[in-house]
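Listed after this line are the structures, all set down as structure tokens.
Paired with chain B in one complex and with chain C in the other, chain A is shared by the two complexes that follow.
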Partner chain A sequence: MPKLKREDWYHIAQKVNWTFSYVSHEEVFPKEIVGETQVPIEAWEEWDEPYKMTYREYVDIQRDKDGGAYAVKSALSKAKITNKLGDGWNNILKMHYGALAVLEWHAGIAEARMARFGLDSAWRNTAVFGSLDEVRHGQMQLYFPHELVREDIQFDWAHKAMHTEEWVSVAARATFDDMFSATNAIDVAVGLPYAFETGFTNLQFLGMAADAMNVGDYNFSSLISSIQTDESRHAQIGEATLQVMMKHDKEKAQEIVDRMFWKAWRLFGVMTGISMDYYSPLKHRSMSFKEFMDEWIINQFMQNIESVGLDKPWFWDQFMYEQDHISHSLQMGIYFWRPTVWWKPVAGMGIEERQWLSEKYPDWEENYGPYWDTIIQNYQNGAVEKTLPETLPVLCSCCNLPICIPDAKTGKVEVKTITYEGQKKHFCSDPCQWIFERNPQRYAGQKTIVDRFLAGEVQPPTVPGLLNYMSLSEHEMGYDPENGAWALQYNKDKNLVI
Partner chain B sequence: MIPLSGLFEGDFVAQLFVVGQEDTLNQLAEKLAYHSVDRRVAKQDRPFEVLIKGEVFPGDVKVNEVGLAPMDHVVVRYAPL
Partner chain C sequence: MTTAKPKLRTWSDLAKFKRIPSEYETVTHNLLFNVNGRYELDPNDPVVVWYDKYRDKSAIQAESMDQWNNFRDPHSIVYRKYTELQDERETFIDILFEQNEELRANEKLDQQWLQFLLKAFTPLRFLAHGLQMMASYGAMIAPSSYIINCYHFQAADEMRRIQRISYRTKELQLAYPELGFGEEERHIWESDPMWQPLRKVIELMLTEFDWGKSFIALNLVLKPLLDELVSVKYAELFRLNGDELMAEMLENLYLDTVRSKEWSQDLSKLILEINPNNQAVLTETIAKWHPLVMEGITALAPAFEELPDIKMPFAEVLKDITNKYDTFLEDSELTLSKIS
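What follows is the complex of A and B.
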């Protein structure tokens, strides 16, 4: 007997909400874990996913995708490709795995939260697949780098990073805890699959897979492609949820999107901004981070928010201004504080690389050149100690990143300071301050590394004590893999101007 | 001792530094400049000045006289020519 086609029966399995008789709706769906909106309960029945899939289809497709990715890995594992790809590319891998692999597991829990507490059965059903996706991503992104640990101990941070108090991992957790690990189902649905995945990572993963293919890292390319196809499917949860919210509670929808788009942007600037503008080998760079943002992210995001009826986030001017700054400021910070990360920050400051930066960012030389010139001079004078930190940067009480990105209104770094319950809180930007102040109780207890340092949690209170606190042994901490040799190519007599 | 947040004007990042209650603002400026000047900001043969909430204070005033509290933010810059 022929099986029914999916479209002949799917609707029967899609809508399986029922009226509870022995418990109240509120008991089944407590607001603390579901979230609160002005959307009437019955309106959630309109929740409709555009990408329909059955469990049988899901398992079939995922099995094939796993087979493909693991086959590539198996075929290439003896080739030791990463040895040949250089420190810049390996930094991208280490940063990616360390900041994301374990957090994909957390995303699996967040999707599972929607699978139980989503307010419509179609939403819950789709989130089951999303949860399985994220578990798979966690597994793969721990398994793939594992074989690299014997070549380079920093790859151990694929698993280790999120179990430490290292500052980049603290910043990543601060964002992702807020976005999905420690929030309700509605916030997850808008923050993770929409603001983060639809807004940033879905397209970023396409670009990253292409870049990996371009540099010859077929393993990573196949892994990222395999993940991206999952992301593009489960990211639909965001838009489907927004479609319902926009009819009844646009204000709430806009607020979650604004908040999470900003936090995602901050992290994206670290991960993708630096990778594209400084770590990616020059000969393989297809576009700058700014060009990528403009062509892939901003354009697409604008179309997307327009199609669902949202407005541009209120901080759009600052966001656009930062396109010229975020990667450069954060690269300067990570290079200077290089012992505090789990990769080997290359300077990315060879003469040709610097020319490329000036072509892509016409104001780069004026804004960032002088810092690098001073560093170059110190290397040339043998004053390596002056290229390293003796204190900490002040960190933002919202995004946990160094306060280093200039303000669009003044063109300068502006430290925004408030006192909350007797404690000073510093912010890197108006949006970060806005996020904190709209719900200070949620964020006030989240101590930055500087807060912990001042509270006596870091002993001894020195840079070595801090590295120990962040679980960075001398074999794991970052360093310039060229030891500043790149600086010696500059002409000492020409004031370093190229 | 008081920990402060400081930005040396022209540098790219705000930094943590520590001053004594009896330090003058000139000493405060030197302590912050130590972490910026000749590391990322080019050295100049000019004195520093300290701004608190946008206002320039005389360099011989002491920290305890201007009422700086832990993690207040200050800006240090080269004095205009």
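What follows is the complex of A and C.
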């Protein structure tokens, strides 16, 4: 190898800013696409990423990583492992690929936005690697599930989901459009790599890889752990940007972190919460979602924000309260509305699973047991139609998820309604209302699925019409793979076995 | 009514082509889902408006945005192919540097050549960073995933060039600490008359936000002309002046330029094919930037005719570049005569 070490020459390549004289700085970096802060222009030249890598190292290491991950896939392709893992685990795969494969590729566009409009050359350069990483993640997470479409058409949604008006897709896009797809460079730098990647996905991917290994899905495990190693590198864009902002505009930094931490939490609750507490096969569950949050996410996040000098988000009480609720509320919603998703929502409500839920969440039986008892009763009475929807839920105008999570102050689901420029807007929580109200011009024109339904955009205005609008054919729409058979194991007279 | 369960062999969106797609298509096809203002945000949000104005309503027009999904990178580069290809190129350059270190450890470069390197070679990293920023802009603004990925790789290629030049800059700094390598280049880039016309082009081009026009300006004018000068012609100049190893490095970096030229030519053809009215935009945009870029290139004449010991007549350098550019345009189904 050549003799000079990275640290000998790296700064020469990394600091290549210059002062424009044929055009103004503002013309090269327009504020609508760069974002606005109190940070003086020259202060951005202090931007410094803690973990450095050269192009030469990058292509070498990444080539090796791909070699490993693709070799595992190639070896396991013929084994058809996915078929044998059961509907619960397959749901996790379908949800994961559908909601993340194409979106991660889109995160590459956001990285490119920073690579162009980041206010220091080191920031821009680091984002070039970030953009390549996201191309990698998008491409791998399309390549791996691609062969599965032959066996199960729902895997088509790895590619298709984000092109549809399916409601989970709309909710995911509402969050990620805000976080990175239509977001100025400064907001991307704090929202995506810090609030989301450092806050949630970096650790989530570690957890998921371990779960996949437990279940025996070595393919997915190797894929996810390979991706995670990239995340931890490019996520540092967030902290490096915050280090500069904290000196000059802490308020702005705090505001972006709070906003995007909340939105990330909402989506994380659906995806990971339900996966861990309901879809993951019971015998392979190592911890509940709440325990996972406590051990992996919350502690780490507290340390992270403390180390950069940020405060806890103002909605911390509601956030902590929701640890006991988010997965359960949304599981109820998704199970009931199961025709409207691209996987097969299992109830996860066998007797042993229910006991597990009560162990992990002592108030679960009191809060959620009665609702499931009603569903059980309906199945036992042969009234399957009563376990299915006829009407629409109220959706939050911020996160686009059903309003179903209780408020920490009252312990009840509270729909918060405001009127903005003559339009009624409903919110699931104080933080979602706060996000909307601090910048209503950014969100006001977005229509939830219910808004579209009421505006006559869904024709005919019936459940079948809605499914068609969501591009869910009869072969793609979700259903309970046990068709309620799990409900029949409960004692008919008393409902509860326990 | 129950319909027969469809059998898929690939994404439903690719099944319409009625053939087994390549890995390239499987992981590149139609990934961009927010064209035509399809954002879950208010349509008047400034960033949403930016994409509407500069991408969806670009001067380069298609009947439908989906037509941009007809583009194919002639090299079908996917991420894992890119890292493999570039790892090999970088290994080659590593070997060059190793040889350089072993064979020329005690060599003293003459002052005249050192002045050439400081004034005309090591400042290139600033110029290339401008090209990198523009390529990244292409990656954030292009209207199809097939095009966007080409830009991502092009931006990374520019970074590769910057880092290799920077490595050499550090070697020179260590060997000749008094000359200002690694320190003076920003000042030279900002004020030396030889660089100013090029810096002007870069700065002006950085403010061209329309995706179609920025593609034409960067990939059909600036990059093919400039890289011919600072890779191919510089390589000749280095070789003439006894710097074989740096000549080989520049030629290796030029392989990246060739890849950029090839996909750009194919995209140029698609632009013409999609809508004949795009011909006028192509012609006008090339006509706008061509003289400015030529002015920038011409200002580098002292790098060939004054600074080095063994010189190259700049008129011939220019002639070669111009001829090669004419061929490039012809292969893109464009000609300078149409333009002028």
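Definition applied: the second predicted complex is superposed on the first by the 493 of 498 C-alpha atoms of A that agree within 3 Å, B and C clash if a C-alpha of one lies under 4 Å from a C-alpha of the other, contacts with A are read in each partner's own complex, and residues count from 1 in each chain.
What we mean here is this: a contact is a pair of C-beta atoms (placed from the backbone, for glycine too) under 8 Å apart; a residue touches a chain by one contact, two chains touch by 3 or more.
Fair warning: this is a prediction, and the values are worked out from it, not measured in the lab.
Enquirer: After lining both complexes up on chain A, report clash or fit for chain B versus chain C.
Expert: The answer is fit.
Enquirer: Under the superposition described above, what is the C-alpha centre angle at chain A formed with chain B and chain C, rounded in steps of 10 degrees?
Expert: Spelled out: centre of chain A as vertex, angle of 140 degrees.
Enquirer: Going by the contact rule set out at the top, does A:390 touch chain B (first), chain C (second), both, or neither?
Expert: A:390 sits against chain B, while chain C stays out of touch.
Enquirer: Regarding the shared-chain residue A:283, is it in contact with chain B (first), chain C (second), both, or neither?
Expert: In the superposition, A:283 touches no partner, neither chain B nor chain C.
Enquirer: Compare chain B and chain C by how many residues of chain A each one touches, and report the one with more.
Expert: C
Enquirer: With both complexes superposed on chain A, which partner does A:375 reach: first (chain B), second (chain C), both or neither?
Expert: In the superposition, A:375 contacts chain B only.
Enquirer: I'd like to know which partner A:332 touches here: chain B for first, chain C for second, both or neither.
Expert: first
Enquirer: By the touch definition at the top of the document, which applies to A:16: first (chain B), second (chain C), both, or neither?
Expert: In the superposition, A:16 contacts chain C only.
Enquirer: Go through the superposed model and pick first if A:444 touches only chain B, second if only chain C, both, or neither.
Expert: It touches chain C, and chain B stays clear.
Enquirer: Please work out whether A:135 is in contact with chain B alone, chain C alone, both, or neither, and reply first, second, both or neither.
Expert: second
Enquirer: Closest Cα approach between chain B and chain C after superposing, in Å?
Expert: Least C-alpha distance after superposition: 20 Å.
Enquirer: Check chain A for residues that touch chain B in one structure and chain C in the other, and list them.
Expert: none
Enquirer: In the complex of these two chains, what residues of chain C are touching chain A?
Expert: Touching chain A: residues 2-3, 5-13, 23, 26-34, 39-51, 78-80, 82-84, 86-87, 90, 93-94, 97-98, 101, 125-126, 129, 132-134, 136-137, 139-140, 145, 148-149, 151-153, 155-156, 159-160, 162-163, 165-167, 169-171, 182, 186, 189-190, 199-200, 203-204, 206-207 of chain C.
Enquirer: Along chain A, where are the residues that touch chain B in the complex?
Expert: 329, 332-333, 336, 368, 370-371, 373-375, 378, 386-387, 389-394, 402-404, 412-413, 415, 417, 424, 426, 450, 453-454
Enquirer: Which chain B residues qualify as touching chain A in the complex?
Expert: 3, 5, 7, 9-17, 34-35, 38-42, 69-73
Enquirer: Quick check: in the complex, which residue numbers of chain A touch chain C?
Expert: It comes out as residues 1-4, 8-10, 12-13, 16-23, 27-28, 32-33, 54-56, 58-60, 62-63, 66, 70, 102, 105-106, 108-110, 112-113, 115-116, 121, 124-125, 127-129, 131-132, 135-136, 138-140, 142-143, 146, 149-150, 153, 156, 158-160, 162-163, 170, 173-174, 177-178, 181-184, 400, 441-446, 473-475.
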